[in-house]
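What follows is a set of notes on a single structure, which appears directly below.
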Amino acid sequence: MELQVSDLTVTRGGIAVLEGINLAVSAGEALVLRGPNGIGKTTLLRTIAGLQLAHAGTVSLDREQMAYSGHADGIKAPLTVAENLTFWASVFGTGSIDAALATFQLGPLAARPAGGLSAGQKRRLGLARMVVTGRPVWVMDEPTVSLDTDAVAMFAEAVRAHLAGGGLALLATHIDLGLSEARVMDVGPFKAKPPKIDDFDGAFL
Amino acid sequence: MIALLLRDLRLAIRAGGGFGLGLAFFLIVVVLVPFGVGPNSSLLSKIAPGILWLGALLACLLSLDRIFALDWEDGSLDLLATAPLPLEAIVSVKALAHWLTTGLPLVIAAPVFGVLLNLPAAGYGPLVLSLLIGTPALSVIGTFGAALTVGLKRGGLLLSLLVLPLYVPTLIFGAEMARRSIEGLSAQTSLLMLAGITSAVIALLPFASAAVLRVNLR
Amino acid sequence: MSSIWEYANPKKFIATTSRLLPWVTGLAVVLMTVGLVWGFFFTPDDFRQGSTVKIIYIHVPAAMMAINTWAMMLVTSLVWIVRRHHVSALAARAAAPIGAVMTVIALATGAIWGQPMWGTWWEWDPRLTSFLILFLFYLGYIALWSAIEDDDTAADLTSILCLVGSVFAILSRYAVNFWNQGLHQGASVLRAGALVGDTEERVSNVFATPLFISMAGFVMLFIALVFLRTQTEIRARRMRALLARERMQ
Amino acid sequence: MPDLGKYADAVLSSYAVSLGLIVALVVLSILRARKVRSALEEVEARVKKDG
């Protein structure tokens, strides 16, 4: 399995932000995207995960292969940690949540309502959801926000386990992830150039 | 799909707001109407089916913006969109959950509230039947409206403006069915039209709602 | 060589409509003036409705345009959904306020006419009620357009709303008919003869000719306004695109 | 001026209301058209200058 992105142009609010992106991630490999704020990393990840339409270019894998984690974790405060995870496990048809609980050391918290968790604990729960999906491609946007050093290590371990199992991961961050072996790519050079002014066509620019 | 339904029901029960709020609102409407039109019991019994239908409709409207807004805010909707469920199914399940938490309690409570409005004895059966057939349409149409306004701040008012005109046929045939039965006229046409609207809406509108949601998630 | 879709290019659309606009506007002014002046000054009173029959020269064309505008919006919405021509979506957006105003005119003149005829300003007559519902549809459509920031999203959502709304508008029409069998003149818009009830056709022709001229005038007015307003929407859209591009640098 | 009889108020007010609304719609459309046109020209000139 290999994730190939060719000549991808992504848009935000109808305006191209990154263009001509080519990248390839093969099984067992992790790629970290870097770049300054607002360059379009989130837009790129959402487009690759199939949540947004690409303006041009192709993504080789179907969205059915991918699990996406964004800035919001999709946690329901009134439900317990275990109920939150069980829900996603049954939506993705994978069943067991024990492995995910163990990976992020959520076992002791399993019966607590998710609303009572700290920010870091919520983030761990959000990341545990990725394990539960059973999808081979992890597309993650700023996964380690609000995690402490121990939790970052847990996350790195989870990603390594995922890669060892033949999965692949595409991450965007500007914080250290504790994944020294991961390839790093700067998206800065792909910043889209403004289109010509006089191109008064159907797309208005 | 069942997991999604169970989750939505569980959320509605735990977070409150679901069952309780709609019913309380329905009760308040029913209690306020006599203050507005006067304590004339024959007048009240004449307008009872209309008031009960309108109360149910407004109570239903009240909870519509919660169908997608919460899932949108916390990112669940994005995650659901990448899940191996077609969006049409998600939309239908959401509508079903809304009906179970809002519509069904209203149907069950309607006869009790009918007593407050002197609803004639002949009206109870047809009223409950018309609500039972009609309220699913309210939930499905409402889900369409909620999908249209999901990404908007202050979408609540716009949602009402968009959904209320779409409720007109259901309201007309629903209230008409109860009214005709009370007056001893044949309610068959209304019943058939109401059932027709509900089944057509359930069969077709989820496609429009899913299309709209797809646009909004983009 | 040229297909109709060429006019979907904004530049081409602006160029073509700018050339046509003076002619259409002139035609609208002439036809409306002739129709309304003829109807107002040179037609006899109806033997039952008296001089109120003169209201039809406004009421009927406005009612016709209220419905036709929605039909035009439905068509342009479909074109947008199928062929993704921006001008089409913008034309629907430009037309909606015209339709809303026409609906208000039809409702207002209907109410003013109903006051002496039915003895009440407002009657929950099926046709009047349907127009009230149509007005609500216009309001919702316009509100949805203005609530969404992204132009393409707004175009998509309003198009789908227009489609769904059309089905429900027709459904409401039947529901309302069933709900109240009504006092309104049982006239189809094109059969002007029926407007004067059971008098003979000979009499009705006196009313029919100015009415048809007035209707043609309203159609021309609509086309002129749609041209002008669509141009405005295209320019506004280009301006937003330029400003967005400026922020990019 | 034709003799409108007892319905003069109704007829005249319908014409007044309707023509008033139509004129208002036309005037608003023209004003907005002018405003947007000049605003676009300004933006266009600025953008062309800055490249």
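A, B, C and D are the chain letters, set down in written order, and residue numbers restart from 1 in every chain.
Just so it is clear, a residue touches a chain if its C-beta (ideal position, glycine included) is under 8 Å from a C-beta of that chain, and two chains touch if they have at least 3 such contacts.
Chain labels with UniProt names: A = Cytochrome c biogenesis ATP-binding export protein CcmA; B = Heme exporter protein B; C = Heme exporter protein C; D = Heme exporter protein D.
No experiment lies behind these values; they were computed from the predicted model shown.
With centres computed as the average of Cα coordinates, no chain lies farther from chain C than A.
Put simply, the chain nearest the middle, going by average C-alpha positions, is B. Inter-chain contacts peak for the pair C-D. Work out the mean CA point of chain A and of chain C, and you get 49 Å between them.
Chain C and chain D have CA centres that are 16 Å apart. We define each chain's centre as the mean of its Cα atoms; on that basis chain A and chain B are separated by 37 Å.
Remark: chain A and chain D have CA centroids separated by 52 Å (rounded to whole angstrom). In chain A, 197 are the positions where the chain touches two or more neighbouring chains simultaneously.
The set of chain D residues touching two or more other chains comprises 44, 47.
Each of the following residues of chain B touches two or more other chains: 218. Every residue of chain C that touches chain A in the complex is listed here, in rising order: 8-11, 84-87, 149-152, 234, 237-238, 241-242, 244-245, 248-249.
Residue ranges of chain A in contact with chain B, taken from their complex: 49-53, 63-64, 66-68, 70-79, 83, 86-88, 90-93, 129.
Of all the residues in chain C, the ones that touch chain D in their complex are 36, 40-41, 45, 50-52, 54-55, 58-59, 62, 97-98, 101, 104-105, 108-109, 112-113, 115-116, 221, 225, 228-229, 231-232, 235-236, 238-239, 242-243, 245-246, 249.
Remark: chain D residues 1-8, 10-11, 13-15, 17-18, 21-22, 24-26, 29-30, 32-33, 36-37, 39-40, 43-44, 47, 50 touch chain C in the complex. Those residues of chain B that touch chain C in the shared complex are 144, 148-149, 151-152, 155, 158, 161-162, 164-166, 168-169, 172-173, 176, 189-190, 193, 197, 205, 208, 211-212, 215-216, 218.
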